[in-house]
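Two complexes follow with chain A in common, the first pairing it with chain B and the second with chain C.
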Partner chain A sequence: MRLLRFVARRLLQVVPVLLGVVVLTFVLVRVLPGDPIRTILGPNATEADAAAARARFGLDKPMWQQFLDYLKGLVTGDFGTSIQSGAPVGSELALRVGPTLELVVLAVGLALVVAVVLGVWSARRADRFGDHSVRILALVGNSMPEFWLGLVLILVGYSALGWFPAPSGRVDPDTDLTPLTGADLVDAILTANGPAFTSALSHLALPVATLAIVVVAPLLRSVRASALEVLRSEAYLAATTHGLRPRTLLRGYLLRPALVRLPALAALVFGTAIGSTVLIEYVYSWQGFGQWALRGLLYRDYPVVQASVLLIALGYVLVFLIADVVHAVLDPRVRI
Partner chain B sequence: MADSSLSRSGVSRRSVLQLGGGVALLFATGACAAGSKDSGSGGKSAGPATGTLRIAVSSYLSSWDQDFVGFDLTALMLYKNVFPYMIDYGVTDAGGSKILDTGNITPTFAESFEPSADQKVWTLKLRQGVKFASGNELKAADVKWSKDRAFAAQANVAGVYRTIGLTEASQVQVVDDYTVTFTQAFPSALTRQIQAISLYVFDSVEARKHATTDDPWAKDWLAKNAPTGGYFNVTRATQGQEIVLEANTGYPGPDPAKAATIRVTVVPDGSNQRLQLQNGDIDVALGVGQRDIADLKKTDGVTVVSAASNEQVAIQMSVTTAPFDDVAVRKALAYAVPYEQIIANVYGGDARPTRSLVPLDMPGYDEAGYPYTYDVEKAKAALGGRTVNSELVFETDNDTQQRIAVLVQSEARKAGIELKLTPLDPATLGGRRQQKNIPLQLTSGQLWVNDVEYMLATSFVKGAALNYSNFTNAEVEQIYEQSHTTVDEAARLALWKRVQEIFAAEVPWVIICQPNFNLPVRSSVAGWVQPMDGLARLRYLSTSA
Partner chain C sequence: MANGRTRAVSRRAGGGFSRALIVTGAAILAVVALAALAAPLISGWGPEEIDANATLAGPGGAHPLGTDTNGMDIWSRLLYAARLDLGVAVAAVALAVVAGTALGLLAGYLGGWVDDVLMRIVDIFQAFPTFILALAVAALLGNGTVNLVITIAAVNAPAYARLVRAEVRSIRELPFVDASITSGASTLGVLWRHVLPNSLTPVRVIAPLNCGWAMLTLAGLSFLGLGVTVPGAEWGAMISLGSPDVVAGRWWTSVPPGLALLVCVLGFSLLGEGLQERADRRRTS
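And now, the complex of A and B:
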């Protein structure tokens, strides 16, 4: 009950935050230099044509009225119409979010598992060869730009070894996958489409690996540092001297306290991962949210930029909420 | 609870996890291999099936609605192949390659398109029995609805129609089920070329079903649903990934599609297109950069088709912004640009030097139009010992423009012109162009209509959208007005000669070169026809694999 109250309170706090984001984004995107209307008109367009196009998108109205229209639309779930494509932003968003979310969730999930396993393993072998190797590898992974790493993995995995499909999409179109959520793996499961599932999984392998390698280092270092602290704590030493079984020591005394810091860091990493998808989607022809938002920004497609920033803000808030809840579950000292 | 029940059954959690992990690993490995095999794209695949071409493009189209779409090359190229265009360019040989012949425009889906004696009324006669994918027959009412829609859109077609005196929907009239007339305000030599890029037709019967009071032209529906009835029909469009085109077997005119199926796949990264071409997973790469193309020329199984193009690379100088409001400074820069060095280093020699702002291969091209070659001493002399500062703007992420800018900066400095290089993203560039405050900018592009009148309309008359140099000249304006109603070829050529004399004296642009169009394809691909408007006609392509 207390947890529910906490979640409800936090969700209520989201409202003013999102309202601030809505106002700021609306103003800032219009302050940026550039005219979105001119990018959609042909070379023979006159000022009258440009005025007609502005009217079509409601950009001829006063700024305050545009803002009120935008707010009204948001309340009814209408994000507006993309200036570039002429399609409703909501439907484009629905197509784009699923693939990116699938990519990010799988990559961060994989990175978390690797970080916990290797971080604890490394801490228990502190300053030995294995520990040094893991730390150096994590550092190297963290130092590599995702764009370059993606190209290298494509060269090796697709071009040289031929183990993975060509980086040209998220699923083989011949599998006739019916899109439901936009996340191809999920859609394949929901529609019980086996070939689509294997195809989506094979297409996911390299981009997920790229993203996971890029984000794993801070998580791993955090887990290792926490685990080392615990291993050197009086409580852990006392438990060891009492002759507790290694499994009990690991589960009861090491793992849980070592993971206390992880949720907040994972939430931050989640945000970084969303940012990284812009380049990863480009390299792997992923056509997800990152590429869509970037194109919107480059062409000043106001409704697209507004919707994507709002969604990212909402994502951040929700991820940090989840992190706080998990933190409270892991650390009994935290009361929510 | 689960833990204790597992322990009672004698199976530990570790065992379960190990078993589960093993199965997952096996499944994932199998999935990767299976996915690789299923997609036909993993590793060294055997190549395309007979009759199927795979083309990589850099982006997915933004909309299927040609009346409202922006400058989206993928979309415009696809429209050429899926819309029934009533007339189109023929094909001719040029220097060993085939190119679209802008001087020979022939009926395709139409039976004929001919003018009246005074060349003001053009009559379009449709072939009978031509059908859209819906089964509806293409009739005069579809042409009328399509053009009414274009005028209502006040966008692409409406803009270009002004150049031939078509400004109102009432100028397009249905005569009978298979005949439509276009009554122009004046006769124009451009009519055929303008209609070649504008006379596409919607399935109006189908579109009307999706029109509403709020959306009388079915914009929402047409933005999402591919047009039908062209050389190809879209049989599948996977958003963001792939569009499958099947040849329209009902096409009634000359030059039907040669490939039965074309799969247009989105691969944004040029280097990935290169890899997939090398591996035989795509047949045509429509987005590979100059450096990758140079490497692909040495690759087995890959051919780089090279064809003369009318793409112009230029530096537009703002004649209203200091220091380029001074013609002497414009001339100095024209002498300071290392033309041959750019052709050799940036284009690997695969570009043509040019001597006029009128493109090579455009009727009326005159070598006297640009009497400037690289000569630092002449540049210094033109500046008269002064040193001037400015900025040179180019497109962000345009590697070719960046390399040109660096070379120009280096040589201009020797002449006394200090240039600050400024890369700009598309919207900022567009905004600054609208404000007309860019003193110097690199541009590249080709005109959709191969005619000087159209070039003047888009680039050199007052208010023209591509007139980034803010060039105005009373005589050029007068020649432009005169050209509207001048249909005699010799008279037009005389006008163009005078225009080029003015350009030579005024120097609104530095014209750098015309790069050849290079297209890397698998060696099994044949039939590429170089489009003079930059929009590939896929019907000519075939594969022998």
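And now, the complex of A and C:
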């Protein structure tokens, strides 16, 4: 019950932030240079054509009128119409979010597991050879241009070895996958489509590996740092001198306190992951949210930019909320 | 006893590791900077010079690392690109440090509504992933070199402002600041002489790491076509130009510039990590 009240209170705090984001994006995208209408009209279009197009998208109305229309739409779940494609933004968004979430969730999940295992291992060998190698590897991961890593993995995994499919598409069309959520792996499981599952998995392997390598480095560093802090604490020293079994020591006295900070970190890393996803989707021609938002930004497609900025802000806020809840569950000292 | 001794030994060993990190990082950066400066002497071709007889030529002969689709020499472009990448990254971080520090000093020292307004602006900036923010700002500002420096500085400055503000707030309460105010020093004098130098400690550690990140951002923007565009010699733009060849198995157009970028950023990371560890050790011991 207390948890529920906490979540409700936090969600209420989120409302003004999101309102600020809505207003700011709406104004900035219109005030700054660039004209979305010119990009959809051909080079021979006249002033009259442009005015007609502008009227079609309601861009001829005064700005306050446009904003009220936009807000009215938002309340009813209508994100407007894409200027580029002429399709409703909401349904385009629904198609794009699944593939990206699939990529990000798998990669961050994989990175979390690797970071915990390697980070704790490294901390227990602090300042020895194994520890130094792990730290250097983490630094290399931290310095990695993700879009280049993606190309190198394509070069090795597809061009040279031929183990993975070409970087286009997310599932083999011959497998007749029925799209439900947009996340192909989930769809394959829901429709019990075995071939589609393996195909989706092999298409996912390289992009997920790319993103995971980039994301694992900062996580690994902080898991190591907090594990080291625990190992050098008096509480841990007392536990070891009491002669507890190694397994009890590891699970109860090292892992739990060392991992308390992990949810907050995973939330922070989620931001990095969104940035990297834009680049990685571009490399693998992954038709996800990042590509869609990037194109919207390049062509000044106002409704698309507004919707994608709002979604990123919302996602960020929700991830931090989830992180706080998980933190409270892990750490009994936290009162929510 | 035994425990105390091993601890002392391991601390010394760790000190050696942080020194090794700093030295390696600095050496890498020195080599890259030298190569950038000596580009006209060791390149053989101009950065935008086209050899029409050799497009997409493999490594060897007149072109040690081959040529790209336009017939430009990869090795030469690699060297000239180091100038642009290093220059933009360092300039952007310097600008971010100056702007962020000034704002942080003001907010932290004055407090009150100035602090509130500045920190709310910082909050809005930090509500978005930094690369996304850089994308948006670059798309709006356009892609001249100066605009790129401003873009990267703008998305980094808020973090410095927050960092310096926190330091200033704790330094402001220290007795020696009160002492210099009561002995008649002006506000500006106190800020410049006493508060500023002491609040820069964390900035010195973070700035090198940030240079590496700035370089990755610049290359990422160029890769998406929002930064430096071909024929400009920049590592990210070179990787982008060569990316269609990679699928066909021609590695030399994209792999060398990415490797150069990775090594250079790694130089900054090693330096930053070493400095960080040294600072941590000082604080704990």
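Keep this in mind: the second predicted complex is superposed on the first by the 336 of 336 C-alpha atoms of A that agree within 3 Å, B and C clash if a C-alpha of one lies under 4 Å from a C-alpha of the other, contacts with A are read in each partner's own complex, and residues count from 1 in each chain.
Criterion: a residue touches a chain if its C-beta (ideal position, glycine included) is under 8 Å from a C-beta of that chain, and two chains touch if they have at least 3 such contacts.
Computed from a prediction, not measured in an experiment: that's the story for all the values here.
> Aligned on chain A, chain B and chain C: do they clash or fit?
Clash - chain B and chain C, as placed by superposing on chain A, overlap.
> Determine, for the superposed model, which of the two partners chain B and chain C contacts more residues of chain A.
B
> Have a look at where A:Ser199 lands relative to chain B and chain C in the superposition and call it first, second, both or neither.
first
> So, A:Ser233: does it touch chain B (first), chain C (second), both, or neither?
neither
> Applying the document's definition of touch, where does A:Ser276 land relative to chain B and chain C: first, second, both, or neither?
A:Ser276: touches chain C, not chain B.
> Looking at A:Pro167 after the superposition, I want to know if it touches chain B, chain C, both of them or none. Which is it: first, second, both, neither?
both
> Of the partners chain B and chain C, which touch A:Pro145 in the superposed model: first, second, both, neither?
Second partner only, chain C.
> Figure out whether A:Ala313 sits in contact with chain B (first) or chain C (second), or with both, or with neither.
In the superposed model, A:Ala313 contacts chain C only, not chain B.
> After the superposition on A, what does A:Val21 contact: first (chain B), second (chain C), both or neither?
Second partner only.
> For A:Ser159, is the partner it touches chain B (first), chain C (second), both, or none of the two (neither)?
After superposition on chain A, A:Ser159 lies in contact with both partners, chain B and chain C.
> Just chain B (first), just chain C (second), both, or neither: which does A:Leu298 touch?
A:Leu298: touches chain B and chain C.
> So which positions on chain A get touched by both chain B and chain C?
Comparing the two interfaces on chain A, one with chain B and one with chain C, the shared residues are 32-34, 151, 154-155, 158-159, 166-167, 282-283, 298.
> Report the residues of chain A in contact with chain B in the complex, numbered from low to high.
32-36, 38-46, 48-49, 52-53, 84-88, 95-96, 151, 154-155, 158-159, 161-175, 179, 195, 197-203, 205, 282-283, 285, 287, 291, 298-300
> Given the complex with chain A, which residues does chain B contribute to the contact?
The touching residues are 28, 30-36, 38-44, 56, 60, 62-63, 65, 68-72, 154-156, 158-160, 162-163, 219-220, 223-224, 236, 238-242, 244, 265-269, 271-272, 275-276, 278-279, 281-282, 425-434, 457-458, 463-466.
> Under the definition above, what is the set of chain A residues touching chain C in their complex?
Interface residues on the chain A side: 17, 20-21, 24, 28, 32-34, 126-127, 132, 135, 139-140, 142-149, 151-152, 154-155, 158-160, 166-167, 271-272, 274-276, 278-279, 282-283, 294, 297-298, 309, 312-313, 316.
> Using the touch rule from the top, collect the residues of chain C that touch chain A in their complex.
Counting only chain C, the residues touching chain A are 10, 13-14, 17, 124, 127-132, 135-136, 139-140, 142, 212, 216, 219-220, 223-224, 226, 236, 239, 243, 246-249, 251, 254-255, 257-258, 261-262, 265-266, 268-270, 273.
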